[in-house]
Amino acid sequence: MAYIELKDVTYTYPLADRPSLSHVDLKIEKGRFYAVIGANGSGKTTLCNLIRGFIPEFYQGELLGEVIFDGKPLSEYDSGDLAWRIGYIFQNPFNQITGARDTVFAEIAYGLENMGLPVCQIRERVNSVMETTGIADLKDKNPFELSGGQQQRVAFASVLVLEPDVFVIDEPTSQLDPRETKRVFDIIDGMKAMGKTIILVEHKMELVARYCDEVIVLSNGKLVCTGEKHDILSRVELLDDGVMLPQAVLLADTLRKQGRPIQGNPITLSEILPLLSKQIGFAGKEG
Amino acid sequence: MPGHNVIANLYPLTKFYMAVVLMAVSFMLPGIASKLICFLFINALAAASGVWSVFIRRELETVGVLFLILFVIQTLFYPDARRILFTFWIFSVKYEGIMFALNLGLMLLCAGGSLIWFFAVTKQKDFVLSLEKAGMSPKASYVVLSTLQIVPVLRRKSKTIMNAQRARGVETEGGVLTRAKVFLPTMIPLVLSSIAGTEERALTLEARGFSSSRTPTHLEDIKATPADKVAVILITVAFVALIAGRMALWLI
Amino acid sequence: MKKANKRSKLSLMVLLLIPVAIAINIVGGQLTSVLKLPLDMDTIGVILVGALVGPIPAAITGVLTNLINGIFDPTLIPYAICAFFIGLAAGLLAKYNMMTKVWKLIVSGIVLGLVGTITATPITVFFFGGASGGGASMIAAGLMATGQKILTSVLSVYIVTESAGKILSVFIAWLIVKAIPARSLIKYPFGDKYIKKKVAKTIGQGPSQDSAADAPASAGLPSSED
């Protein structure tokens, strides 16, 4: 059985007169890394809120169908305790600072305090998570006085420290510069190595192609397709749905149209470059 | 905030008890002399707690200013005064007014001073935590703590917006109307962005288990010590003695 | 159990509005003193909570504002009583739909001004002997110099400054409410009072509706770094 399963889910926000997601059937396997892609307004954030249980609890509105998580409907979980099972991180770094604590250390510990963990264990966990997220030197700073990138890493640490099984991450780098983006993806890569289930909304297709396992494509609230990333990202027809595709795919497609097809389904530059040099004598070197 | 001061290191609620007792005392003390002694005692307390300079600055800037204004008003405009000390221009200085002003002013200096002392020797977050441990809801502590954090953030933002307006050539000096025109464009964007942020912050809190039904633990825990017991007993004994003395004064 | 949960989610939005509202009060008050404006604009947040949520949360917002200001200036603490009643009145006015039209706003402003005057005057006169730091007591002193009694002087000064200040504050709170998008307004108990039915209809029709749903609250946020 799938770890998370959406069964014919249709959801309409309050005041809206058409659904943001309609008739979505989706299976998510444990320990896999899913990227959710699609144009603006295709329902990506709605999907995140649904899986995290904020829909319908927080957003109200009309929900048809069912979300199953680890064997039972999401609605049967105590919503207050869902935080320990499903981690949630989103794009705005500033709004992910709770305001409850005045140092980075205490901010990260806040969730564990709510969890009721003994203080010695809290210290241990916070110290270790600050190492993995590279913010140990910010320990005593006020979280409100950090840069956006630092705040985002504090947000990751604050959720990571709760050790949930699933991470729902909604466009974590859209307000960050390339350097901070790289740092955030290093953290996400670390989560994957820990065997966590990850659902990530991301617009930067090169990052999607490089880091994730599976891709979920949404368009206008409907599930277009889902599957292994090479299989999905090489479908050039997705461009018609307003989906962006990685550079390597576009390059392969251009070459194909010029009558010089590339073998296989390369989706990253490091995958396409050797193929290029082998097949058409392209002088590029492996990145 | 002092590090190893015995008084400053007392449990927040012990210090708060002290401040409340001092306030009660300042309301019931009979004359100018006794109130003056009370005020000197609070000064000594602040000095012993290692916060006198902060204490006296805040006291003068707030209650001190009020004292000055009420002194002028009461001295000059005390109703139905019999003893007029002297007169100049249209004003006359009234003896009863001075006495009233001194009585009221010293009482305010004592009452206000005891609170100023309390907040000068107590970290706000420690006070909130002690209230939470005494039974206040963790949600109420969140409201207070996050307010204490958000106020400086918004203050900084309002300064940034005003500076931006100035840079664009908007007058922040000049006539009342010109200055009033700065108010709206500074306030509205500030307020709207903060309100828009509350929805996401609600999700953030949910993601940190804020609504969990578990009993929270406290990372920076504080505990009452034997010194607090001694302090509470001493304060209570002194308070009871003062009340007894005051009653005796009435009866005699 | 489920129902209780739902209510607690709604109250979370209210819970988070209170700190913001207190900050608005404090920053509004400071801004008026920085700009040396003669009116008190330190209850905009209280009125806002009253308009969106109701009397009790607004009263709590008012009291907490004065207590937190009182950490640094204890002379403001007695006026918490004032803020309590202004919050209560603002919430009741909103409850009976007195914050939806311009003429109603003016009436509400005057009512709040009267509430402010009636509660602040005794504090200023009996607690502080007619003094209340700032410009108002200077004007009051001026009136006393012309032979007026302390009570009447303080009262007359308060009636003018309070009413003008409260009318303006109500207007600002209303402008703020008007600028909050409908999908956020519905999360507050009184929010639907300020959503026009027509607006509610067109919201779902534009192609932008879904993208709005995609980024529920990030619209119009300024940079978070200062």
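For reference, chains read A, B and C in written order, and residue numbers begin at 1 within each chain.
Note that a residue touches a chain if its C-beta (ideal position, glycine included) is under 8 Å from a C-beta of that chain, and two chains touch if they have at least 3 such contacts.
Model, not experiment: these values are computed from the prediction.
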* Per Cα centroids, the chain farthest from subunit B -> A
* Centrality ranking, top chain (CA atoms only) -> C
* Taking each chain's centre as the mean of its CA atoms, how far is subunit A from subunit B in angstrom? -> 47
* To do: Go ahead and note the Å separation of the Cα centroids belonging to subunit B and subunit C.
  => 22
* Structure fact -> Whole-Å distance, C-alpha centre of subunit A to that of subunit C, is 40
* **Multi-chain contact sites of subunit B, meaning residues that touch two or more partners** => 142, 146, 150, 153, 197, 200-202, 205-206, 210-211
* To do: Give the residues of subunit C that touch two or more other chains, as numbers and ranges in rising order.
  => 9, 19, 216-218, 221
* Asked: On subunit A, where are the residues touching two or more other chains?
  -> 58, 79-80, 92, 94-95, 99
* Can you name the residues of subunit A that touch subunit C in the complex? -> 13-18, 20, 40-46, 57-60, 75, 79-80, 91-95, 99, 147-148, 151, 220-221
* To do: Name, in rising order, each residue of subunit B that touches subunit A in their complex.
  => 125, 142, 145-146, 149-150, 152-153, 197, 200-221
* Structure fact -> Interface with subunit C, subunit B side, in the complex: residues 58, 61-63, 65-66, 69-70, 72-74, 76-77, 79, 90-91, 100-101, 104-105, 108, 111-112, 115-116, 119, 124, 139, 142-144, 146-148, 150-151, 153-158, 160, 162, 172, 176, 179-180, 182-184, 186-202, 205-206, 210-211
* Within the complex, which stretch of subunit C touches subunit A? -> 2, 5-6, 9, 19, 182-183, 186, 195, 200-201, 203-205, 207-218, 221, 223-225
* Structure fact -> In the complex, the residues of subunit C that touch subunit B are 8-9, 12-13, 15-20, 22-24, 26-28, 30-32, 34-38, 41, 44, 48, 64, 68, 70-75, 77, 128-133, 137-138, 140-141, 144-145, 149-150, 172, 175-176, 179-180, 184, 187, 216-222, 226
